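First the structure, which I've put down as structure tokens, then a few questions once you've had a look.
Should a chain be cited, it is by its letter among A, B, C and D, assigned in written order, with residues numbered from 1 in that chain.
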Amino acid sequence: MRIFEYIGKELFNRFGLPVPKGKVVSCADEAALAAAEIGPVVVKAQILSGKRGKSGGIRFANTPAEAKSIALELLGANIRGYLVEKLLVEEKLAVDQEFYLAVTIDEEAKSPVIIASNQGGIDIEEVPENRILKVHTDAELGMYPFIARNIVRRLGLDLGSQHGKELVKAILATYQVFQEKDAVLVEINPLVFSGEKIFAADAKVIIDPEARFRQKDIPYVEDQTETEKLAHDLGLSYVELKGDIAVMANGAGIAMSTLDILMHYGGTPANFLDVVGGTDTETIARSLEILLAKKPKVIFINIFGGSTRCDDVARAYVKVKKKGSGIQVPVVIRLEGTNQDKGRRILQECGIEAYTDMEEAAAKAVELAACAPAGSSS
Amino acid sequence: MRIFEYIGKELFNRFGLPVPKGKVVSCADEAALAAAEIGPVVVKAQILSGKRGKSGGIRFANTPAEAKSIALELLGANIRGYLVEKLLVEEKLAVDQEFYLAVTIDEEAKSPVIIASNQGGIDIEEVPENRILKVHTDAELGMYPFIARNIVRRLGLDLGSQHGKELVKAILATYQVFQEKDAVLVEINPLVFSGEKIFAADAKVIIDPEARFRQKDIPYVEDQTETEKLAHDLGLSYVELKGDIAVMANGAGIAMSTLDILMHYGGTPANFLDVVGGTDTETIARSLEILLAKKPKVIFINIFGGSTRCDDVARAYVKVKKKGSGIQVPVVIRLEGTNQDKGRRILQECGIEAYTDMEEAAAKAVELAACAPAGSSS
Amino acid sequence: MAIIVDQNTKVIVQGITGKQGSFHIRQMLAYGTKVVAGVTPGKGGITFEGVPVYDTVQAVLENHQVDATVIFIQAAIAKDAVMEALEAGIGIVVVITEHIPIHDELEFISYARRKGAILIGPNTFGIISSGKCKIGIPPNQFFIPGPVGLVSRSGTLAYEIAKKLAAAGFGQSTAVGMGGDCVKGLTFVEILKLFEADPETRAVVLIGEIGGDAEEEASVYIKEMTKPVVAYIAGKSAPPEKQMGHAGAIIRGGRGTYQGKVKALSKAGALVAEMPSEVPEKISKLLA
Amino acid sequence: MAIIVDQNTKVIVQGITGKQGSFHIRQMLAYGTKVVAGVTPGKGGITFEGVPVYDTVQAVLENHQVDATVIFIQAAIAKDAVMEALEAGIGIVVVITEHIPIHDELEFISYARRKGAILIGPNTFGIISSGKCKIGIPPNQFFIPGPVGLVSRSGTLAYEIAKKLAAAGFGQSTAVGMGGDCVKGLTFVEILKLFEADPETRAVVLIGEIGGDAEEEASVYIKEMTKPVVAYIAGKSAPPEKQMGHAGAIIRGGRGTYQGKVKALSKAGALVAEMPSEVPEKISKLLA
């Protein structure tokens, strides 16, 4: 999960990596006050998106009045799909040199990797391959100063110089953030020399969502719709899409495949919902309600039982069906795998014949969606 | 370096290992107050020595008055050679079961080792070998809960019981103190169950003196004479002994051997002083002055130069000789090794002929000591 | 023959009495897997589904010979269980648990490499050598002996296709779940090499998905293989930059796209199926 | 012949421009050691005593073939330097530095074992194969070729006895400093085994001291040796429980006493000298 730039910088600060002097503000007057205190500033929209500069989300102000007027403009604005609620008002540094520095995970090498370039300040994708240094570390061995010294040397800096020493320290601090905060990415672009000193001028930090239980001190940003949040609170994986066939499947692979097949037959999925392995009746019922609430034309439940048991799914369907307003949209259910016969019987008692083949079932769901009137469920 | 029990217990507390409720006091009234607050207590003399119980340094008090009278007796007393300046007044636990637990370093295996026994509360040397569990860990891999679980299982506890779970946690916490505080020994005897809870009833912690630079938060106890402290501040290894021949040698091995040879010839060394490899003229001069201040009958300087250079030693001698009150006791110098000819010449200019053979030189030093009147230097 | 496990493989279950473990131990036994013991700290001494339970892996090894272990331990403490198995010297470790923090995974994968152990997963359905041994969670009924090696990043999709293959008359020699997380122990290439060397395997089905570059890597080796490979890739319709459940399924910087993977696989000589049902059709033609 | 190092061993010096390094590089060169490069971060590019200096070990290896390194780096940061050498794959690492925290030592000794590297020390005088190669700090003049293998926990005591041996006409094949700290890389037993196998070595001198149980351990192997061993143990007169400079020299729980060591060595067939001067006398009789 991404965190805001200013929270990333708070982390950097805690681990000894200097950041420019700055204040987080949420109204224009505060922005003016901050600028009055700091001097010439950069005003940066705090949104969970890159390319803020190109979208007008990063602006310079020489006076408090300028800072105020920029803040008025940015606060409440929508940049790259995100509402701007906070600004980071930060000292404008005299930049002497810019570097790119990141620590992330190389999936193929199965190890952390440090990525560095002396061509910072631009998108790393635009830097020629031979100017980008990639140094793997051993997850068991961890980080050592000598690894940082080799990187600094290969970036062409004098290890005896103040700049060289500062960069060694910055690399070690960045790695420490990555390691101790369960990050999957810590990216600083640019890391700048201003005079003798080094500063992280930006901070893109992504924390492993699976490690959230032990990284409780980080204020996470909810980058989810209400429905996504509901589903995630149930421990499910849910992504909202634009179509009209609500999808429930068990397993990320089969869920993705289900969307592919629906589109193959000309349908459009309303969402991706993976009811992960082993989910119980209650949770499946709740997620079915979540799908219903979005008023799709059709619901397609595609279960191939492994950990998920077909009878649990059938019971969940029956439960929701019998409750309150029931289920008003056509539901296509495909059941196969663990306890499939039990599940099938439960549905039959309810008048539903489950499909066994997912492609056949998908074709049926598309057909039903094509016939249904818009907003059929209300 | 050993630390006081109460400081060890502060460490335990910080790492989540429970200790009995207690207060550190340095006067009898405080002891009474603490007992009034806690109830029946154990009053424990805070000295850097084991076997306090057998020496009357651990006493029980049921009332504040009793605590006060015990405190009056203990404070200022000398136990096993140590002046009692502080007492730990601690809740008297209802003990249901006692364990022995320690983490230290196995020199032969070159790895940390956890030592545990369900026969706690007595000297571990008195516990039969087959009742003592020794479990090595891998310094790179570190500690894991499963290692603690295996120990608890092998101690015969039910891992599902509250006691079993508490002991697993205690082992992990103890290891963490060992690891993070650069300890060479963390020993708890006894570790007790009182009701459902576990407590470290004692704490013997020895911190690696070489790691002191990164363990600055531990209040170290000076367990040294004034002279030892002076020498240690110079970075030298110095131990005071009872004889009359002051010894300076370079290297722990040769210094020990020098003492052995002096005793072989019937002499008695006044100290052990190892001017470690590479020490410069100034430091050697300072350590010579330290030896002089102890007013020995003879000084024996035994240098076999490797890192230590003979000319540095010679210059140190000349420097001290020419300064203030000079050198009033006979000095036997043996020089050999790095820059020996230079060193020899410098001494010759000063009228001293250095020996080359250490046994011959040692015999001479013993002979001179035998001839010298007591307190010859004053 | 089969790869990695067979009818003689002696298996233990870590987390045997937990919700997942207790369900799947029954299924594994029903499939015929030689489950010799289980581990649940605090439950040592009991017998569960006819299998003796111990407090720790070490306690098991004091009483049994063990070839493989399967981990059904909650994510937050799974690393400890995996390290316990590896430290004890177990040579095959199957990590079913999902949602394990990736830094934990990096550490135990590195340790497995150091110990020379085979680590399958994490977030895998496990491994099943049809008719011989199942270690993990696939439903029993679709895995029947046959000439097809199957390897998949996804569980349910693998069952789906296994069922379709079985329906078309093709069983599997062995089916391996590579696991759905960003980093994993055994990779496509390592598994493909084992299938290439396995006399019982005549063709291989590779089930991939968007994100990462496991399929692109696999393509390099597929080029050298003598046995035919049929591939199916899920995620053709996924919008870019949205995470689809598997942490690995993020499309990053243009790498890992559906198109890129299909192109790499096709170029390497693999037959790429558009729909799951095409997989048995293609296998059928190949093995006819 | 000689053990571990010889005239072809290519050596680098980590900490070449420091106080210790700069002195001893000259002595090593004077002895004839093939010092191919030095490392001092921030001094890369200069030439020091005719030897090229680099910023890191990796930078050296980009330009030179290296067999061994010697560490003259201050204790607080020595671990980083040792790990740098090991990680770069250098097979012989001689750690002169004293006062290294023992937890650091445990880690790099464990890593050396994992990498299959020979680690000598820490807190050692190093290793010297007489007339061929000196890696470390012994004074040059007393180490002349000859039939005696020498291994010692102490530096100066080793020089002392080497000198006495030389004066009596006996040079050394190789002299190795095991190091004076509690934990060490190469141990007595490992070194004795190398001497046993070295055709140039006809007898071995072992110099020990009180504390630890390295001598007791050595005794077990000495029993099997075909070559004679003469031992000298320092610390006969040391009071119990007082630390004598070497962290290893603590007498703990009755183990590691002078008497215990002498007894173990004698029983194993080693001749134990009472005084340093007796060592050459005993060797003289043995090799007469």
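Here is the rule we go by: contacts are C-beta pairs under 8 Å (C-beta built on N, C-alpha and C of every residue); 3 or more make two chains touch, one makes a residue touch a chain.
Everything numeric here is computed off the predicted structure, so don't read it as measured data.
K.L.:
If you line up contacts by residue number, which pair in B-C, B-D or A-D shares over half of them with A-C? Let me know.
P.N.:
Equivalent contacts to A-C are found in B-D.
K.L.:
Higher C-beta contact count, B-D or B-C?
P.N.:
Counting C-beta pairs in contact, B-D comes out ahead.
K.L.:
Using CA atom averages as chain centres, what separation in Å is found between chain B and chain D?
P.N.:
27
K.L.:
Distance from the CA centroid of chain A to that of chain D, rounded to the nearest Å?
P.N.:
55
K.L.:
Where the centres are mean C-alpha positions, what is the separation of chain C from chain D, in Å?
P.N.:
One centre to the other, that is 50 Å.
K.L.:
What positions in chain B touch 2 or more of the other chains?
P.N.:
140-141
K.L.:
Counting only residues that touch at least two other chains, what does the list for chain D look like?
P.N.:
111, 114
K.L.:
In the complex formed with chain A, which residues of chain C make contact?
P.N.:
Within the complex, chain C contacts chain A at residues 19-20, 23-24, 27, 75-76, 98-103, 106-107, 109-111, 113-114, 125, 137-139, 142, 152-160, 163, 180, 182-184, 207, 209-210, 212-214, 217, 232, 234-239, 242-249, 253, 274-277.
K.L.:
Chain B touches which residues of chain C in the complex?
P.N.:
41-44, 55-59, 77, 80-81, 83-84, 87, 111
K.L.:
Hey, which residues of chain B end up touching chain C in the complex?
P.N.:
Contacts found on chain B: 141, 144-146, 149-150, 153, 158-161, 164.
K.L.:
Going by the contact rule at the top, pick out the chain B residues touching chain D in the complex.
P.N.:
Listed in rising order, the residues of chain B that touch chain D are 105, 107-108, 110-112, 125, 138-140, 179, 182, 184, 208, 210-211, 213-214, 237, 239, 241, 249-257, 259-264, 269, 272, 274, 276-278, 304-307, 336-338, 357-359.
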